[in-house]
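What follows is chain A paired twice: with chain B in the first complex and chain C in the second.
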Partner chain A sequence: MPDLEDRIKESQRMGIQITKESEDDRLMTLSVGPQHPGSGHFRFVVKLDGDYIVHCDPDPGYVHRGEEKMCEYRNFIQNIPHLERPVIHDSTNITYSYSLAVEELTGIQVPRRGQFIRAIASELNRQIYTLYWLAIYGIFLGHSTMFMWPTGDRELFIDLMEALTGARVTHAFNIPGGVRNDIPNGFKDRCLRQISYYEKRLKEYEDIFYNNPLVRQRTEGVGILTKEDAIGLGVTGSVLRASGVPYDIRKAEPYDIYNEIDFKVQYMQTGDSFARAYVPFLDMRESCHIVRQLLDKMPESGEVRAKLQANPRGPPGEAYRRVESGRGALGYYIISDGSPKPYRVKISVGSFRNMLALPHLLVGAKMGDMPVIYWALNYWPVEADR
Partner chain B sequence: MATLPEEFRFGNFLASIIWIVLIIVVILTLVVLPLIFVVLFYLPLPPVNGEVLTPYLFLSMIVDPSRTLPIIKFYIHQTPFRVIVFPGFVFAAIVAAATIFVERKFLAKMQLRVGPLYAGVWGVGEGILQLAADGLKVISKEIVVPSGADRPIFWATPVAYVATAAAVVSLIPTAPGWVASNTSVGLIAVFAILGFFPLIALLFSWASNSKYPFIGGLRALHQMIAFEIPFILSALSVVILAGSLNLTQIAQTQHAFWFIIFLPVSAFVFFISSLAELERVPFDLPEAESEIVAGWLTETSGMIYGLIQLGSYLKVYALAALFVILFLGGWHGPQIFPPQLGPTNAPTIEKMVTLQGFYNGETVNAVFWFLVKTVIVIMLMLLPRGISPRIRIDILLHTGWYKLIVLAFVNMFVALALIYAGVLGPGGSISIH
Partner chain C sequence: MPPKSNAPKTTAAGFIKAIESGSKHLLIKRFTLRYPEQKLKFVGDGYQFDPKRAVGIAGLRGRHILNHDKCTGCQLCAITCEGIAEAIGMVKVDEQWKHNKKGIMPQIDYGKCVFCGLCVDACPFYALFMTNDYELAAYTKEHLIYTPAQLAIKPKYNGDVEIKIDDHGATHHA
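Moving on, here comes the complex of A and B:
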């Protein structure tokens, strides 16, 4: 919590006079969440001076599940289903980096076809996550059509993932050594049809939402995060890329077969809420190209899963691997003591790091900008609490 | 057979229906009929065909249609009928319920919503079950009064809200002569009554004793005051052209030309301001759920919420109708209904069936065109909900205080210029009087 001098300075920047005596009478403390339609499982306490936010105090932790501790009591394979709980709508990506780290610890080699299927599942799941996120961003702006359309189109991707993995939302598809099963017959055609339909829909999204003058009016120039601040605060993913840093884990530290895929890192220079809302959209569009390439280059047949020993274990050591999830870098740091169970697992999630930018952006903003700034940060409270 | 109870017998089912019918018949004869007699004893009845009616004679006439119609006609032209049934509260409430239904269907079509589009029983009525379910839910839910709330005000304001909306409705004419209250200052009265709404919102939000409703109430107050002035100014240019404040006369002056031809900017300003007045998207800031939960409605529950929703949809009807009267020529339109049904010398029973002496072609035509135009305006008011996000409070106030007031003035000067140039007005080259 910044002290009074800072707040007085902050208010002078906004052109409001606050004295020490009047300060407490003027401010209204508002607890936004956890039972607030605009917060999620999360609370931030804001202090309002009229319509301006002068102080913001994020308070996560309402859905802390102790995922890291739970990992220590299960073996490497048993950990998969519960690890996808924090982000069930991005469940392939959150188990992806775990599988990579375990593979590094145990020295398992993933077959080439398995790597492709992993990447396809990861890209499709990123679409599912981003559509969900976009739907909520739409309703946060009061745009109910933008709430319904992505929710409906997300259903098609869920059907696709159901055909691929057998489950609709929590797939438990990535496992150390590859993926759980091979792709079904006719999946490639179905996927290509879906992608080409979806690209048409993305144009419609752009027309009704991103090119809407009222949406632009509300998001452009709101909550500007400069390049230096973005790097200093350690934000990641679309938030970082919106501030003009073309950093994508798929490009920076390519994992599996991503170094064979040709794609551009999508980024914008402005760093405002509009850029943060638009970069995931550009990512979705780029992701369609990636899926096309993956389906094209995938070997026609072969193993999808390496043979594992009954209780996979490796020599004592440590591994840190990360992937680009829907919310940015998602890393696992695993220490093994040579037993089938990890000694310590640390999950580094993008949500928590993006949340740290929230007080920085909200102070000085208007109250109406609160949901616009908050949800553009690509923050998923459950993942941040783990 | 999971849907039927285990002891289901069709005979029992029939018996229960017969029991219900029997009970209704008994209550009808023992309670309702005596009550009707008591009421009729004190109610003055009209003289029909020269004879003064007694309650007993009145009851005997129910079976004779040729003598019943004059009585119904007599009652229809009384003030209570106009206030309660048509064009007053019941009519407006039916339009409001239809608006809710149409809004949901309309949005469902636009947004791929499944429930309102398909949940239904009849071929045309898909979505009607959603409406019924929502209505039942609102009626049956418990009303929770927050602790520390100002109870009398908390209970009174929803009723006041509906009553105020109904008061606006009572000033709206739907056909020549068909208005509950025909005052010479109708337009001013409408604005005077509309001025109560921010007060009610603020009172309710204060009585809720909660922070989010209070912010919502303040927002409602800011918004309605900011848009009140362009609202009144845009209507003022109509008054300049029509030369009257009486809504019936304003509509009558447009028999040749609709005022939207001369005053398009005013019509635009009036439409935008009425959206803000109604707290509809994109001006639904007082109820912005992602910022302030549900705004000044946060602490409402059950029928309190239902009443406020009813009031706000009555307001939608009232303002759409006002737009039609001020700019779209009121009830004027081509005569498509025949002046009377059936031949004049038809036998009594046919006269009865064709509602002769009761049916008025001009009135029916006026009501038809008025409703058609009102429905179109209501649809236009619903449209932004599908395509537009909510705007921010400072942009809203800026729009209200700077842009719309200037625009409203622009067209007022156009109206004055038309009058003084002798184009319109008394003795003008285009006569609209």
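Moving on, here comes the complex of A and C:
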């Protein structure tokens, strides 16, 4: 918490006079959350001077579940269902990097067709997550059509994932050694038809939401995060790319077959809330191209899963692997002592690092801009608390 | 000076475009599924696993089905579930089987099951599969516990509605 001197300086920057004596009377302390409206299992205490936020104190930890400790009592396969609980909407990506790290530890080779199916599931899941995020961003701005449309289109993707994995939300699909099952009959056609329909819908999203002058006025120039600050604060994912840094794990350190896929890293220059909301949208569009290429290049037949021993284990050692999730870099650091259970698992999530930018952006902003800034950070409280 | 935005420019015509793209949908058929009357058709008869090839067969992960004439009471499903949901317990059955000397078979508590299907992956004897039945609501917690006899019954699921996606939109067809 910055001391009084800093707060006084901060207020003077905005042209408001504050003295030590009057400070306590003038400022109003407001707790946003931890109930759902506007924050979702997460609280931040803001100090308001009139309509301006002069101090913000994030208070995460309401949904801490001890995922990392739970990993130490289960073997490598049993860990999968509980590890996807932090982000059930992005459950394929959160188990993806775990599987990659375990494969590095145990030396399992994933068959080529398995790698393709994994990437397809990961890209489809990215759409599901981003649509959910976009729906909530829409309702935060009071745009209820933007809540209904992505929620409806997300349902189609959920049906697609249900056909592929057998579950609607928590797929438990990625497993060390590949994926659980092969693609069902007719999946490829259905997926291509849906992608082409969905690309049309994305144009409508752009018309009704992103190119809507009202949304632009609400979001443009709000909560600007400069390139230097973005790098200094260590933010990741769409927040980093919105500030003009074209950094994507899929390009920077390609995993599985991503080095064979041709795609552009989508980024914006301005670093305001609009850019942070627009980059995930551009990612969705790029993701459609990626799914098309993956379906095209996928081998017609072959193994999808390496044969594992009953309790996969590797020599003592450590591994760190990360993937690009819907919220940025998602890494797993696993230490193994040679037993079937991991000795230590550390989950490095994008949400937590993006949250560090919140006090930086909120100080000096108006209270009315709080939802616009907060949800554009692509912050998922349950994932940050682990 | 702030960096220039590379987003598409928008003008007052953006209002008209936004209203137009929204009002178009007054004429398009909605694709909401009227659930209890209409039910979706699924791929296959539920998630299954082939232990010989060590790969699953795509399908919905719903309620389990237990083949009594194949279950040997090896407890591998229960051991797998121990670290996941602790939903599977081994119970004594009255019948006598040559391949199941101990006479124990899994009993599944659907109040705890997370439908991950890893118990199906663990079964080496083609005894435990999953089905398309997902309507498991019950009035008491005890009714959610399915005994081996209940698990042997094949569920009747008659979902026949398919989603049809074309250039005009998505609709449901029986």
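In this text, the second predicted complex is superposed on the first by the 385 of 386 C-alpha atoms of A that agree within 3 Å, B and C clash if a C-alpha of one lies under 4 Å from a C-alpha of the other, contacts with A are read in each partner's own complex, and residues count from 1 in each chain.
In this text, a contact is a pair of C-beta atoms (placed from the backbone, for glycine too) under 8 Å apart; a residue touches a chain by one contact, two chains touch by 3 or more.
Everything numeric in this text was worked out from a predicted model, so none of it was measured.
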* Scan A:D59 for contacts with chain B and chain C and give back first, second, both or neither. => neither
* Partner chain(s) touched by A:D51 [first = chain B, second = chain C, both, neither] -> first
* To do: Scan A:R218 for contacts with chain B and chain C and give back first, second, both or neither.
  => first
* Between chain B (first) and chain C (second), which, if any, makes contact with A:L30: first, second, both or neither? -> first
* Asked: Can A:L141 be said to touch chain B (first), chain C (second), both, or neither?
  -> first
* Which of the two partners, first being chain B and second being chain C, lies in contact with A:P371: first, second, both, or neither? -> first
* Asked: Thinking of the overlay built on chain A, is A:D6 touched by chain B (first), by chain C (second), by both, or by neither?
  -> neither
* **Touching partner for A:E204 - first (chain B), second (chain C), both, neither** => second
* Have a look and say if chain B or chain C is in touch with more residues of chain A. => C
* To do: Kindly classify A:R305 by the partners it touches after superposition: chain B alone (first), chain C alone (second), both, or neither?
  => second
* For chain A, which residues belong to both interfaces, chain B and chain C? -> 145, 152, 208, 212, 214
* Structure fact -> Within the complex, chain C is touched by chain A residues 73-75, 77-78, 80-82, 145, 152, 156, 159, 162-167, 170, 172, 180-187, 190, 193-194, 196-197, 200, 204, 206-214, 216, 220-221, 224, 244, 268-271, 274-275, 278, 303-305, 307-308
* Under the touch definition given earlier, write down the residues of chain A that touch chain B in their complex. => 28, 30, 36-38, 51, 138-149, 152, 208, 212, 214-215, 217-218, 366-371
* Please give the residue numbers of chain B that touch chain A in the complex, ascending. => 107, 110-113, 211-212, 215, 281-282, 284-285, 288-293, 385-395
* What residues of chain C sit close enough to touch chain A in their complex? -> 2-8, 10-12, 14-15, 17-18, 20-22, 31-32, 40, 42-44, 46-47, 54-61, 80, 82-85, 114-118, 121, 130, 163, 165-167, 169-170
